[in-house]
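Report on the structure given below.
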Amino acid sequence: MTQRFLSHADLAALVAAHRRVIAPVRAKDDARQTDYLPIRALADAALGAALPRRSLKEFFLPPTEVLLSYRQTKEGVEIKEVPTQAQPQVILFASPCDAAALEVVDKVMDWEYRDELWFGRREATTIVGLLCSSMDSSCFCSAIGLGPDSPRGSDVLLTPVEGGYLAQVITPKGEALLAHCAAREASAAAVAQAETARQQARKKVENNAPAIPDGFAAWLEENFDHPVWRTMALRCHGCGACAGVCPTCHCFDIVDEHDSSDEGVRRRNWDSCQTAKFTLQASGHNPRQGQSERFRQRIQHKFSIYPKRFGEILCTGCGRCCRVCAGGMDLPEILGGLIALAKKGQGESGQ
Amino acid sequence: MNIYQPHLMRIVEITDETVDTRTLKLEFKAPAMAREFQFCAGQFGEYSAFGEGESTFCIASSPTRQGYIECSFKSTGKVTQALRRLGVGDTVGFRGPYGNHFPIEEMKGHSVVFIAGGIGLAPVRCAIWNVLDLRDQYKDVTIVYGARTVGDLVYKRELEEWSRRADLRLCLAVDPGGETPDWKGEVARIPTAVEKAVTTAEDTYAVICGPPIMIKFTLPVLAKLGFAAERIYTTLENRMKCGLGKCGRCNIGATYVCKDGPVFTAAEMGRMPQEF
Amino acid sequence: MKELQELAAKLLADGAVQVVLGYEEGPRGVRPAFITDPAQAGRLVFDARCVQNLATYLNPRRQHIVQLGKPAVVVKGCDARAIAGLVRERQIARESVVVIAVRCGGVLQRPEENAALSSETTAVRCAGCDAREPRLYDYILGELPPDPPVNASRAEQIAMLEKMTPAQRKGFWDEELSRCILCHACREACPMCFCVQCTAERALPQWIDPSPTLHASRAWQMMRVLHQAGRCVDCLECERACPEDIPLGLFARYISGAVEKRFGYKACDDPAAPAPLGVFSTEDGEEFIR
Amino acid sequence: MPYDEKQESDRPWSPKIVAFVCNWCTYTGADLAGTSRLKMDANVRVIRLMCSSRVSPLFIIKAFERGADGVIVSGCHTGDCHYSTGNYYARRRFAILRDLLQFMGVDDDRVTFSWVSASEGNKWQEVVNETTARVRALGALHAPPQEKGGETP
């Protein structure tokens, strides 16, 4: 991994040189919040503010997107394909938990059938991550094996240092992005400063939740019928807000929409396993009857099913689900409880 | 062409099976697809009525009959009602084939018992015709099929045809109260009918499909007859959207019905979390 | 607080109820608690951070809560209006729930900040509250605290919107609702949204398009608000639940105001009060009808 | 595009108005207007319902969201309802709907509520022509729908 120094001017030039740059921007409706939005100039970006309300997911899997459009003709149906090639874009100052999430979701999107809509956007996007400094008590990335300085999913990772940034170039795409910037070797002082910043950042989240232990996925699978699930979701409203803000929740619905004329579109929309309708079968039978079962699915999918199928935890510890939950459901706390149960269970079976 | 884009198919024949169940016979519009399309018994597809959406059904026709596919569905929701409004010559979308299939090859040289309830005959029918079209490669073939009432039995013409064939045993049953005065079959629920019709599990595979409650009560009967759980095959139909392992709703624990299924052995189902 | 904990413990110990729905200290502030063991009653708290309307959990469709047994529920005077609403609309029987009302001195707009009540930090919904002294209860606790400072920001915002031209108002809502992802969290958190099947989820006919386009989001909110007109209890759980921070409370406040202005009805905690849109008067104004 | 705008984009814009009318009074009144050959703008599509109280606010919301620029709701005069009191309930609902539409930025002039009896062919003509003129002056309600979130590639 090469480390380079980028001045603010370098970065400003980089923003100016690209047609579409996304970065955290102060929310119009609430100055305390930020959103990932297109920017024109580096000064539009909000640095060191809160974690953006929504993750980067929507730039790759929009809340609603057209899969195809169709037209009824006398001869039958004509289908118009949607292009799978996307406009090039740069995501600047991505939070490491959001960047990592994309790589995690890549796995399912490439599972035997390749989702060209997702990968079209992934390939056209260069991600510049930034050492996280906006963590709060809801963050638990280190429990998942990531951290505020995790390079995962970023093409370039920036760490603020005196006068600019230390840039770690992680991928060839990152290299290409910085090709036009002056190649300045990072000074030893800058490298040391960055290392201190990373350590400090790591310390801030380390104690928010216990690390996921080995064998946790297997424990969850074995304990699918554990009584703990029955009362875990009492305060959950089943609203699915958590899925909307989650950087890794990727479940979707496919629907057709038409008007009275002969044209229409097929769309893919975000969906959530927390709603009753999600698994409701045509016969009226629902395999996941109640909120306890639905919440169990959420936890199982993230911490057992996905690890089992893809070797990855489907969570990056961004903490958004706890921040938005109207019922006060708290993922780090729930995980802590489950981990304690798992350890106790393993202790007992070991005796 | 992205993975969510369907192939266009033309409806060439419509058969009403019951008051609310209909079979569509479909042909690919693109000649290349019509020539090259291959599938295995038990696989499923996503059928679309344009403007209304997609619905998941198994392919009900046999892979031995090339050039067309058939699907049978009950009109319950938005898509199935829209499919029902279509006529011969109209266009539907099809994505597939998806999922795994029945062990048609593995079963060669052995006997097969097919057990189905209600519209559960559709996926089983696909396997039945596959076996019947290669009849000399299998030993005994037994079909136990039942429905709530005589009117709910599907594929009546084929039941008629099977009943006349000497190379298979057909046992038809309707639930008590569902019989008509001229009903000649059994008046019994499926588990009872299976007990009567099937005498041995020796060298035999079982293929079973029907409502969850029927499967629940038939499996113990098969076990009592001596069927190993690895030799009992069934097919699950969870709610699906993509059929490709992405949309995240058909899983039972870590098992994705669309990718690991829809065909499972009773042994596999026993190992899954009981969240059907 | 001690009074509340003792009462909860006693109700549970006596078997009068099997679960007490109240508030407890969570890892990130106060949150709903479900106490089934009298020994755990000490977890219950009540203060200005208790913003949630626990009546939402009384929805008879929430099977996993119904299974816990007969509930006692801790309510503020304003929350009691939702209980009255549920009783009025035959969702629960009054005697099926033990209402523990707490005299309220106002709650916070942002409970996570745990600031002192001021004209900026008090919840907007406390402005104009006439229910601090609850009237619907089985037990009532605490002394009536002094009036909280008034946070007029919501009223000011409505006044500002009313001053705009229709095109400006449409622009305002288009911008806000463009964030909507149709997750329906506003519905799930609402104590008065208890339909077995929501119109938004009906496919036959499809009234509201399921995709979160601006058109569908707008249609969804209008439908929701109209269905709440005269039923809304003004608890603003919808706004609190919205992951996109859409100011849904503006709708709630505005429509309640409209119902009050036109029909003289205000959300109340009397289960016998008529639903304003379920009745009529021959004298109703029709200045808008040609 | 799921909406009509694209198809009709070649033609000059003309308002689309949907009228929900009751079977007993307004529909008969509109019929009278027709048989009397009263001159009316051709922008109004009439949907007949049994009573003005059958008009769910959803109908109106849906009409607007699906491309209508104006809506007319019309029934029997109060006291004349075929079902005695249907229009009294409807009147309450419309009052609230009107307030909400206003709050959402839909101009008052886009929605006309009226009572037109079976003998008031002339009044129906006026309602149609006035509403059309007002909506025409306001222009189209919605711009064509746009994609949200990540740009469609």
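For clarity, chains are labelled A, B, C and D in written order, and residue numbers in each chain start from 1.
The rule is short, and it goes like this: a residue touches a chain if its C-beta (ideal position, glycine included) is under 8 Å from a C-beta of that chain, and two chains touch if they have at least 3 such contacts.
Computed from a predicted structure; not experimentally measured.
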Which of B-C and A-B has more C-beta pairs touching across its chains: A-B
Distance-maximising chain from chain D - centres being C-alpha averages: B
Chain centre separation (chain A, chain D; CA means) in Å: 45
CA centroid of chain B to CA centroid of chain D, Å: 49
Interchain centroid distance [CA atoms averaged], chain A/chain B, Å: 39
For chain A, residues that touch 2 or more chains besides their own: 63-64, 82, 84, 117, 253, 255, 257-258, 264
Multi-partner residues of chain C (at least 2 other chains): 209, 212-213
Residues of chain D whose C-beta touches two or more other chains: 2-3, 66, 147-148
List of chain C residues in touch with chain D within their complex: 161-162, 164, 166-173, 178, 199, 207, 209, 212-216, 218-219, 222-223, 225-226, 229-230, 251, 254-255, 258-259, 262-263, 276-277, 280-282, 284-286, 288-290
Of all residues in chain C, those that touch chain A in their complex: 26-34, 52, 56-57, 62-65, 68, 175-176, 181-185, 187-189, 201, 209-213, 237, 240-245, 247
Touching residues on chain A, where the partner in the complex is chain B: 67-68, 70, 72, 76-77, 79, 81-82, 84, 108-109, 111-117, 221, 224-225, 250-258, 264, 266, 268, 271, 273, 278-283, 285, 287-288, 293, 297, 300-301, 304-305, 308-309
Residue ranges of chain B touching chain C (in the complex, touch as defined): 77-78, 81
Chain B-touching residues of chain C, taken from the complex the two chains share: 203-204, 206
